[in-house]
């Protein structure tokens, strides 16, 4: 078990390195392939009035003239050991873990990300709670009342739910509930949980519900399919033959079996969301990781893009790891050796 | 032809006009009150470029910065034209010119202190200007001081040349006196002296690029919490002495500023009274227009000032066939200006159709229309075709038009141009670029623009202060064009214009000076290097809870110094 | 006795148990662990044993579907143990395999014609009247309607499917057919049809069979000689009569007495040998005599010295220190010297 | 009335392709302490019957008809909830594949405990003690340790033992074993059959054993019921069925079977064709298309459904052939060829 | 001769002893491939069929967009400023819906929403289809390779899939779409943008299909008919292409159909975020992004939103039905 975790952790690090290398290569190579020189790249960092000479010096200082590997090495080293950025007026210390230093905002990326993280985590976890409960419950009921009116209605809604892009439902909900009925905030505001839990929840209510609706729809479908499959398993028949109450059969035996594949998907979904609910955050202008990513991309702030990509990948990797570990807990047949 | 009338409330006196009416705050104070207390809630759909006085270049930021920083001179906090007048702030009086207006001297008031209690000296003012010199640290700021003061050769700013003797540029003979030395005569240096760069910065507390996280206040408010990207709060600065400051009423107990808020939500909340001000002062979003304009009751709570901003399209003479005047003329003629006006937001939220460069509120503005785009302003296809034929491109040509990807109005305007120029065979391809790099790397970089055939570029310019110099110099002087990129003038390259600018700067007589700016305006239009779109207007919403609301002409938006809360 | 058609000597298959990205081997499943036997032309050799004892693996080794880890396989005198797949190709016509599962052994996407014609196509053989005619002839031979040529497997019953599988093996007129549990998936009534078919074909086409099965009755019915396997080893090999009537190995004995007899009269008086427990894992087989853990005759020697497979009577080989029904008693210890 | 009595049981499944008449008019009776073997080919409706007795079709698509009397109570018309309380306590079942029949996520012990606690209001501890006892009784070594193992940690034989322990945990009076040994090796099968025999003696339950292996029924059953196409085609004591079978299908089954106890070099005598579709059961006698003696029925076979009639002493046969003809065919044609060796 | 999904040619009569349900007295059932059976099932599934019809309709709309828009005399980029209230920027009378403009006109410039939605179908479907094709090709190739060869090849490909799945694909796609210049790889304009989007979307969705195909291949490899082919001397390519691929067509078809709607949303998201195809080329996501500023004009939000919704829904319905038909036990 311990060796398994260690092995997985090592693999996670390897995976993150690969992700970072690919990201790095793409963002540093593609502009060059398109003909940008190191001076062009430096020009964005030196202010509007810099002379050609200054740009050249800056390009040199920022290491844009070094080979890609050297640049990547520096970046990687920064994550472990921190880095110093000499941007002219002084040397800026970017302490470990240094996920890059934005020359546009003049801020290290990591504290920025840490700052945004609570928003995204609140958004993702809150929505996750709703969608898991709503989605799984609907799925189970649908499976049990298969073919009933409830089943057909729920599945139609679920199908509609998965067929609507979040920015569309998000906009519609904003127009209806925030601009129109004014019963929810229009996003953009975030109150930390510790400051005021009630406001925190109120601020996030609409994004939660919209996001959860989308996912709940998917999970309802998944759960229903899974339940239909497990309810056909022999062990369900055994449970019934024992004389168990139908509810016990469904929840303790059926659901337990149906939930494992959902767990995997849940891990991946949550991981991806924690790495930035890009569309939701930009629809509701929530200052989370996803919005940060969009903004960073908007201003082509490569260090920030790198940082946010890595953090996002990190969440997916960690979520996968946790799911795999959970799997071993849920399913005793899975042995982690 | 565009009329120049500045919208004013027709006649009705606003004295005690607590209710307010449409455009009521343009000329009078709405909801006058002296009640202190309360928190003023502001929101910004985007974010400040910087809160650092040495680095900020947004109009609303200059308006707002007066709450926590005091510069040598400031615009009066008053409605109507008065707002355009300068008044001493840190200084005891306006500047005293000498040496043919090449030397300007200011005396500082006594008793002004930083928030930590240390007295403000002329050295702090000088340091503030010196540090702003470093455009690597402060990339956003203006370069007036860099360009006009008589700095020693190789001077690189307070950080990189800490030991340089800068007395040739700024002298501080004593703690209360500061003397500026210019390279060339400048007849109205007081406009320079109101720039935020003259807000004193204590050298001991300067943290360079990070100073924006906590600017040391000299005004009535200081920073409390500052979460970059989310917002900040200002609280009263107990070291601020009202006795030294006749300009500020300092009514609220504090300011609560949220940044990166949904723009439509800001409108709704201001309309509902949950929020006091949209701090950017750029007016409501298009969605709100439909709610405000048709409803007289709602409309009465709004103001529609004309700013000092021109939205325009640069026509790059470096990109063939636009190197030919006739081809540029074709663009001027073919453009559908009403479509452009709509694209920019229509009559109220967009602006007034512009026929020349200088906005109506700026001295030197004159009504003329060099290239009349048809009687209905929808473009003169016949004349455009004639011009094309004269240019040797009878079937039109292809070129690109750049705009800032994040700005839907620029996109709409570019699409409108694409549509109207398409009528005469000028085929435009839209090229969005990220706004951060728009000037540094793309449209403002001559080499790039030329290589990538950016024949047209969407552009906008707001006067740094309400005079011809403040408006025109940065966008028509070919000498500000930088090959390395970052120039705001991307198309006008006319030596005659440059010569005229020099004349205007030296001219001390305001009337002749304004005459020269008019001349420059006309010359640029004759060259057809610029296609003026609109002189921007903004539809501002007054909050029900705000008191003392009035538009300051210098900023073209509500004056944040005066405002209080009910 | 004539030269054996197939001769297997010390055949071994150890499946590596691998782990990790680099697929390091950490253990081995000794599925087949040194078995030797001959199959003479025209005879049927039955291979019986409990689940997991390595029967299928043996069959797959002989058809070279998997690579042996040790030992020798000779077919008609040629060593085919490690013959390359390319050189095996022509020989494959001579050795064919009938599979256990009539559902998974036929490609559901192919018509019967394609399935039975595949040998011709793969081996590149032209037939006189075209493949279709040849296939239809074979279909007729196995008792199927030649007009079923264009049908798909799912349209047939299990017994018919097994006939199709048999038809496929017959296409190339093989010399040796390895039938891996050819009837164990079928109902009794159908099972008998297929058993009869196999017998008929043998006499008609002069085939040699190696029949793998766990049903001792079926094996008794069709085999001339029978080999009994236990945990990757052959423990007893004899002609049918002597094996069933006087089994020597305790395991064989136990196996035979475990089979229920469809004769209610005799059930009271029959004496039975009941083995304890299950077959141990081939991952970790007991040392020396592998049967000693379940053997009621086991003594110390069984745990230390592995009994070799010895001929104790004509045509009767057994690997046991204490064989039963042995004619004259050759001292077991003597052979270990 | 017998302890268990089925009267004209029908289990039909409406499907897209038509009505599947899985069980179509099945009747039999069984006393406590007796064993009934049900044999028949795959798809003949054996499992559906057993699930029907347990009431496991309730709430499903199945349409049930007829009557099931258990200890004086009628079950087909009884409420699902009532039948549920009988399940496990009064009647229990052992399934074919113990690995898939046990929940993979719960320990063997907890599954037995669960079964016990539904019907007995006892603490977890007591139930656990009982589970360990039961595991010990079915012959699992070190039951106190193995009680916490998961099903996948057991071997096939142990799993089936655990299944039996679970089924017997509440002392059921009726135990149905649906192919309890099909998935097992012979040696293990022998162990399990022995165990079941012993346990039945101890518990004095009525036992129904379902299988398609005639050997298994011969070992265990007192009475045997032969099913074909959802119907009983022959019913009698074990001796009746093996010594004096009267239905051509039973003959076919016996003739198809290679025997371990006899060295037979002759060909087997299979039944031609394959089992019927339950949607389109052949008209008349369901078996007639496969019957060798169809021609001797005078054409009734394909038109008239034969009745299940008693030949003698509780031996029932569903066949159009006259009784004497059947007897003589068995004595003169079938029996000799089976015994020829 | 192998007919994975084709119609068998012969139609002779025969009475098989076969057991297919319900065939007892039905005279002739011809060899029915699984494909035909699936089609019969699909035909019975009215909802899926409706989805399929909508899909076909959408495809036709996309192909004949110029004709359809032209029939109403509208060009998707043509301004109709006269229909716009110049102060509020919204269409006069609220929507501009009328005989000329079925869906009304856009605020600000008065472009015809109907023709823009119709043209939007082109970009949306083109990108979704080709991106799906790309990921199906990559996914199938790598999935089959991994599943068939196993061992270290499988390890490497599986890990590569893990890496791809760990990418924050949307962030990455936006960033990538933003970083690629205006002309690259010898392409410019819409062609470049469309190709780029196809590449990005396709390249990042293959692991989903890849995993499924790998799993299917692994289980197919265990099926005895593969051994049968090998024991006949068949080589790798024969087994992969003749034996396995026909069995993989069903899952490929199912997951491709279900991937298309995902990709439609993906494209719409990218366009919504402004990194899709450049204006004025109409895209649904781009229209929604514009509509965000005019939420007071709901028809502008409604039509492109519904276009996405209906497209995605139709594909999902059809895909679900297809899955039920091809893989009935999943029902």
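Going by the order they are written in, the chains are A, B, C, D and E; count residues from 1 in each one.
By definition in this document, contacts are C-beta pairs under 8 Å (C-beta built on N, C-alpha and C of every residue); 3 or more make two chains touch, one makes a residue touch a chain.
To keep track of the chains, here are their UniProt names: A = ABC transporter permease; C = ABC transporter domain-containing protein; D = Dipeptide/oligopeptide/nickel ABC transporter ATP-binding protein; E = Peptide ABC transporter permease.
In this text the structure is predicted, and so the values were computed from the model without any measurement.
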Touching subunit A and also subunit B, the following chains: E
Neighbouring chains common to subunit B and subunit E, by label: A
Of A-D and A-E, pair with higher C-beta contact tally: A-E
Farthest chain (mean CA position) relative to subunit D: B
Euclidean distance of C-alpha centroids - subunit A vs subunit D, Å: 55
Mean-CA-position distance for subunit E and subunit D (Å): 51
Whole-Å gap separating subunit B and subunit D, where each centre is the average of the chain's CA atoms: 92
Cα-centroid distance, subunit C relative to subunit E, in whole angstrom: 49
Interface hub residues of subunit D, defined as touching at least two other chains: 274-275
Set of subunit A residues in contact with two or more other chains: 11, 179, 298, 300
Per-residue overlap in subunit E, given as positions that touch at least 2 other chains: 17, 19-20, 159, 178, 295
Subunit E-touching residues of subunit C, taken from the complex the two chains share: 21-23, 60, 63, 65, 85, 88-89, 92, 95-97, 99-101, 104-111, 113-115, 117-119, 121-123, 131, 145, 147-152, 154-157, 160, 165, 168, 172
Residue ranges of subunit E touching subunit A (in the complex, touch as defined): 159, 162-163, 165-172, 174-176, 178-181, 184, 261, 265, 268-269, 272-273, 275, 285, 288, 291-292, 295, 298, 301, 305, 308-309, 312-313, 316-317, 320, 330-331
Residues of subunit C touching subunit D in the complex: 50-51, 157-160, 187-193, 195-196, 199, 214, 216-218, 220-222, 240-241, 244-245, 254-267, 272, 274-279
Subunit D-touching residues of subunit A, taken from the complex the two chains share: 233-235, 237-246, 253, 256-257, 330-333
Parts of subunit D lying in touch with subunit C, wherever the complex brings them together: 41-42, 155-158, 185-191, 193-194, 212-219, 221, 238-239, 242-243, 252-261, 263-264, 267-272, 274-275
